[in-house]
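Reviewing the structure listed below.
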Amino acid sequence: MTTADDTRLAMQGTIEALTTGDGSEPVVVNLGPQHPSTHGVFRLKVTLDGEIVRDAEMRIGYLHRSMEKLAEERTYTQNIPFTDRIDYLAAMSNNLAYCLAAEELLGVEVPPRADAIRVMFAELQRIASHAMANGTFINDCGAWHTPLFHMFRDRERVLDMFEMTCGARLTTNYMRIGGVAFDLPEELLPTLESFLADMPERIADYEALLLENEILHARARGVGVISLEMAINSSLSGPVLRATGVPWDLRKANPYCGYEHYEFDVPVGEQGDCFDRFLVRMAEVKQSLRILRQVIDHLPDGPWLADLPLHARPEPGEAYQRVESPRGELGFYLVSDGGPAPYRFHCRPPSLINLSALKEMSIGGTLADAIVTLGSIDIVVGEIDR
Amino acid sequence: MTDFTGLTSVLGAWYDFRDLNNLQRLITEWIADWGPDWLASIITGVLGALGVLGVIGPTLLILIWVERKVIARFQQRYGPNRVGPRGLLQPVADAVKLILKEQLAPRAADKLIFFLPPVLIFVPGILIWGVLPFGPRMSVADLNVGVLFLLAVSGTAVLVIFMAGWSSNNKYALFGAMRAVAMSISYEVPMVLALLTLVVFSGTMSVNGIVEWQQQEDVIFILLFPLSAIAFFFAASAELNRTPADISEAESEIVAGYHTEYSGMRFGLFYAVELGNTLVVSGFIATFFLGGWWLWGLDQWVPSWIILLIKTGAVYFLLIWTRGTLPRLRVDQLMGFCWKALVPATLLFVVVAFVQRTLLISEGWDTTIALPIMAVFNIALTLGAIMLFARVSRPAPLRRPARIRMAGAQIGGLRAAREVASRTEEPQFQVGGD
Amino acid sequence: MSDFGFHLAFWSLAAMTLGGASMIMISRNLIHAVIWLVMSMLGIAGLYLTLSADFIAVVQVLIYVGAISVLMLFAIMLTPRAERDNSQTKASAPAALVVILVMISTLWVAVDTDWGAVREAALTEQARLIGESLIKHYILPFEIGAVLLTAALVGAIALARQDDEDAAVHAASLQAELEGEESIDPVDVVDPPIVSDTEATS
Amino acid sequence: MTTQYDPAAAAEIVNASAPGAACVDGGVLFLEPGQLVEAIETLRDAEQSDLVFLCNLTAVDQERYFEVVYHLQSLDLNHIILIKARVTDRDDPSLPSLSGVYHGAHLQEREVYDLFGIRFEGHPDLRRMFLWDGFPGYPLRKDFLQMPGQIRAGLPGFPHESQENAWPVPGSVPQRPQHPNDPPPPSEVTVAETDGEGAS
């Protein structure tokens, strides 16, 4: 018997399992590693009974670059570009979290202007990342790219601002230990002003297009539900946690970079379903715009980079610093042995840990629900695999 | 002025140039002069088929461009604009690329059944054009069971899709095929019922007869039976696998559905037939519900097929619009919508049509007065039915609104969450709900 | 239409019908058999057309090709594979007998009938004629048929509903099997014993 | 602002239910591996500690032993605590799994197992996560792919510094912060021998 015949026989079994209700075996379907809805090389192995998901298991590691090992051989400053590539959709937030941890190790005071600039770019990054997340989420719900392309426009404008500031759009490498690499260029603030002026209208457009859309409601409401207790116990963070109703935002709970000086609110959901996650992200964009407004209005003058020797060796010790990245709690745990490079470099990846409850969220729903759920968690495979 | 008398004796009125049946009669008579009559019927048949193909082929190429351009405009981008003037040659370039691509077949595929579908899918796709009337006597075959023919032919496409999905030996393809079959069987029912309304009311099963009835009574069917029109539109978009009902080739779920394993021009054939079906279904919607080639007398001055094309284009634009706007429904939701909403609603309108037809024929009501009254009544009934359905059919999670609250000063875990949730004042914003 | 065109159509359609029918018997794969059956049905529809019976031809395609064959495909897929292979069945001899009897009687009727009468004029408005005869002359059988179909529909729904409960029970047992014995704690989900190791080839 | 939860208070809570399970050293709470699960469950459920959220779970290879690091957070009381547990057996390192206490530990423990080879007893699905089954060795261990001549992982000095001084003398062990819980130093350095362990 040839292999083809074997496969055929196996397939026959599959066909039966797909259609019969009794005495059948479940069908295993691989979503990914190359699949339109897995946003990268991520593989979800679902066991189906008809269209109902009975088990979901993720297989990851296709993008593993062993960054934590590589970082042990590079100086603290040399590691900043690595953090860009961990979460390539929120490079600024990654830069920031790493720099905060390194600053704690080195005991550096960051000048106030640098803090304000960091907040500005972290919030811009949040807008860009949420635009991507919401756009691809609607795509996973089956829309034909229209909301995605509209939201890409906003993201594009944010990336333009990144480019005029640091020359890069995606992997910015902008933050430095003790501040930021360059001061703001002259043309940035007017661009940002016009961006802030346009955004409310565009958000109103999205809300008109999406929020009352009955099909979107039917697809996302009551899908991928996770309870509040389970969400906390599964260490979920970011919009996924807040959608369950937990008002936990590190910008409020543990303010860094002077977030305590800005007025903003933490939107929380109620049901913990996919639609709430989407709504929370939409609401967070508005809050980010609020913060940006305040940053521009109270932008302090002064140096943007602390005076720090290039070849600084921290004292032996360790530091864990986290920021509220667009995806959740992004932490960096650095251990120093007094050498020029970190002895241990660990990133707490919110994308990976938010997947802890993926199985619980998808079991019992249909295959289409599982995909919507995965889209609503907003994963970045570079961050999962590092 | 040239003397047209010889020609007009064959053609009838001068404007009957546009009527292909006259041309056919001309050719038939000419061949009958010197050859056997079976040759005449074969030659005219082949010419008619070539004519349809000659129209469809180039139209498909333009349609790809139109669809991509329109969708691009919905999405605030330019769309194809590099190959040829305004990107018009882009579809040609795509076709060349698809033809040059390697044809792959899965090793474990059922070879014969795998190779047949891309060709077979063309048969219903082309046949269906045969009964579409472009003018008073301008269709390839004006069958007196045209409506049934349309349904019968479009129903066979399901088998081809099933063959494609089953033989590919791929789970995505099989899922797509099973979904397509289930959906196609289901949505045929409201489609048949919607057309049955027209058949009952106009008393003919010929497609051209339905148009002529609308011409005679000076009314278009979308005004008389709006719900049938809506149901037919939705059912047709489901049969065409277009968003919001494209579950059988849902990209984000099952990659490309039943044609996942087809590469190169085989995929291209599926794609072309899908587009062609979209066009022909738009044409049938225009014919059945918008009056087809007839437009309140304008058809005497403008060639009828131009009127039909404009109406078809409008419906086609509507199909692109829905595709560019709406997300996709889930399988169970789509089935539920068909069986719980469309079938009862269209059935209701079959009964309504039956009663109204009886009033017109047996009671001898004056159509000029009765038809407007019936139209108003039916439109009101349609609105009522839609509102009733929207109220009754909502699934439980959608009945309460989705709320977003602002945490304010509350930051924390379980305890803070409960405090935020127990706040009685209006949440920051809420959407949906009853 | 002249005799030549008619003969051409008749013989090619007859070949298609009979060829498809023989392929049904020859092919071992049931799915293939259904597809050959479809070809045979299409041939019959074409034969109806040569007899100027548009309505019946179209209905033949609509019902047999569009609906019955799809129903058969579903039935095949719903049957466990072990029960599909009928080569060892004891019913083959009686089945052959029945088929032979039916064939003999059909041939008898075909030979015995005076077919000349049909050659006269083609009926034009068949749909109307069929409808009128159904409503006027055969109203009782028509209504009985309708009631029968309704009963079948209700019965099918009743069966399907019962199946629903079974399916729920089955789903629950499958769930329990997948989750292992300690399914109380959502945390302790053991490695699922996936029976099939057929991972998608794509 | 998130405060640091006093390790002494945490140790008190733990020791009240499981005597000897916790000790504080240098401002860090160390937990006895044998009683790790009970201790952390106590800390999670106790009213005053309320450490319901597992922020971060990772490990550090300290050459002679592994240190598994837990960052636990209370959301309502907004304090965080750093907890460590030591695994001294390098050949067969194992630690009780926290996945029964925190569902979020599930993936993070798998990651630590994948990259450090520390087995978490009681983990329901302990398999490699990033690397494939059968990958030789555990890459985040300091002795992974040890170079000949005792060249060590890590960056010994800045590039402009003298290379002779930068690389450590063969056989020497770099200075680590010492504390009483350290296991006694081995009589001779046996760092380089465990190159490329198979997957367990």
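In this document, chain identifiers A, B, C and D correspond to the written order of the chains, with residue numbering beginning at 1 in each.
We adopt the following convention: a contact is a pair of C-beta atoms (placed from the backbone, for glycine too) under 8 Å apart; a residue touches a chain by one contact, two chains touch by 3 or more.
Everything numeric in this text was worked out from a predicted model, so none of it was measured.
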Maximum distance between Cα centroids and chain A occurs for chain C
Between A-D and B-D, more contacting C-beta pairs sit at A-D
Separation of the C-alpha centres, chain A versus chain D, in whole Å, is 26
Whole-angstrom distance, CA centroid of chain C to CA centroid of chain D, is 66
Distance in whole angstrom between the CA centres of chain A and chain C is 53
Here the gap between chain B and chain D, centre to centre from mean Cα coordinates and rounded to Å, is 63
Residues of chain D that touch at least two other chains are 52-53, 75, 78, 103, 106
Within chain A, the set of residues that touch 2 or more other chains is 7, 11, 14-15, 18-19, 27, 29, 230, 232, 246, 248, 253
Touching two or more other chains in chain B are residues 108, 110, 166, 169, 171-172, 255, 411-414, 416
The answer for chain B against chain D in the complex is residues 411-416
Chain B residues touching chain A in their complex are 71, 74-77, 107-108, 110, 166, 169, 171-172, 174-175, 178, 243-244, 246-247, 250-255, 323-333, 395-398, 402-408, 410-414, 416-417, 420-421, 428-429, 431-432
Counting only contacts in the complex, chain C reaches chain B at residues 1-2, 4-5, 8, 29, 31-32, 35, 38, 54-55, 58-59, 61-62, 65-67, 69-70, 73-74, 124-127, 200-202
Residue set of chain A touching chain B in the complex reads 3-5, 7-8, 11, 14-15, 18-19, 27, 29, 35-37, 51, 138-146, 149-150, 153, 209, 211-219, 221-222, 228-229, 232, 244-249, 252-253, 265-271, 273, 275-276, 279-280, 283, 366-369, 371, 375
Residue positions on chain D within touch of chain A in the complex are 1-2, 52-56, 58, 60-61, 69, 71, 75, 78, 82, 102-108, 111, 115, 128-132, 139-140, 144, 153-158, 160, 174-177
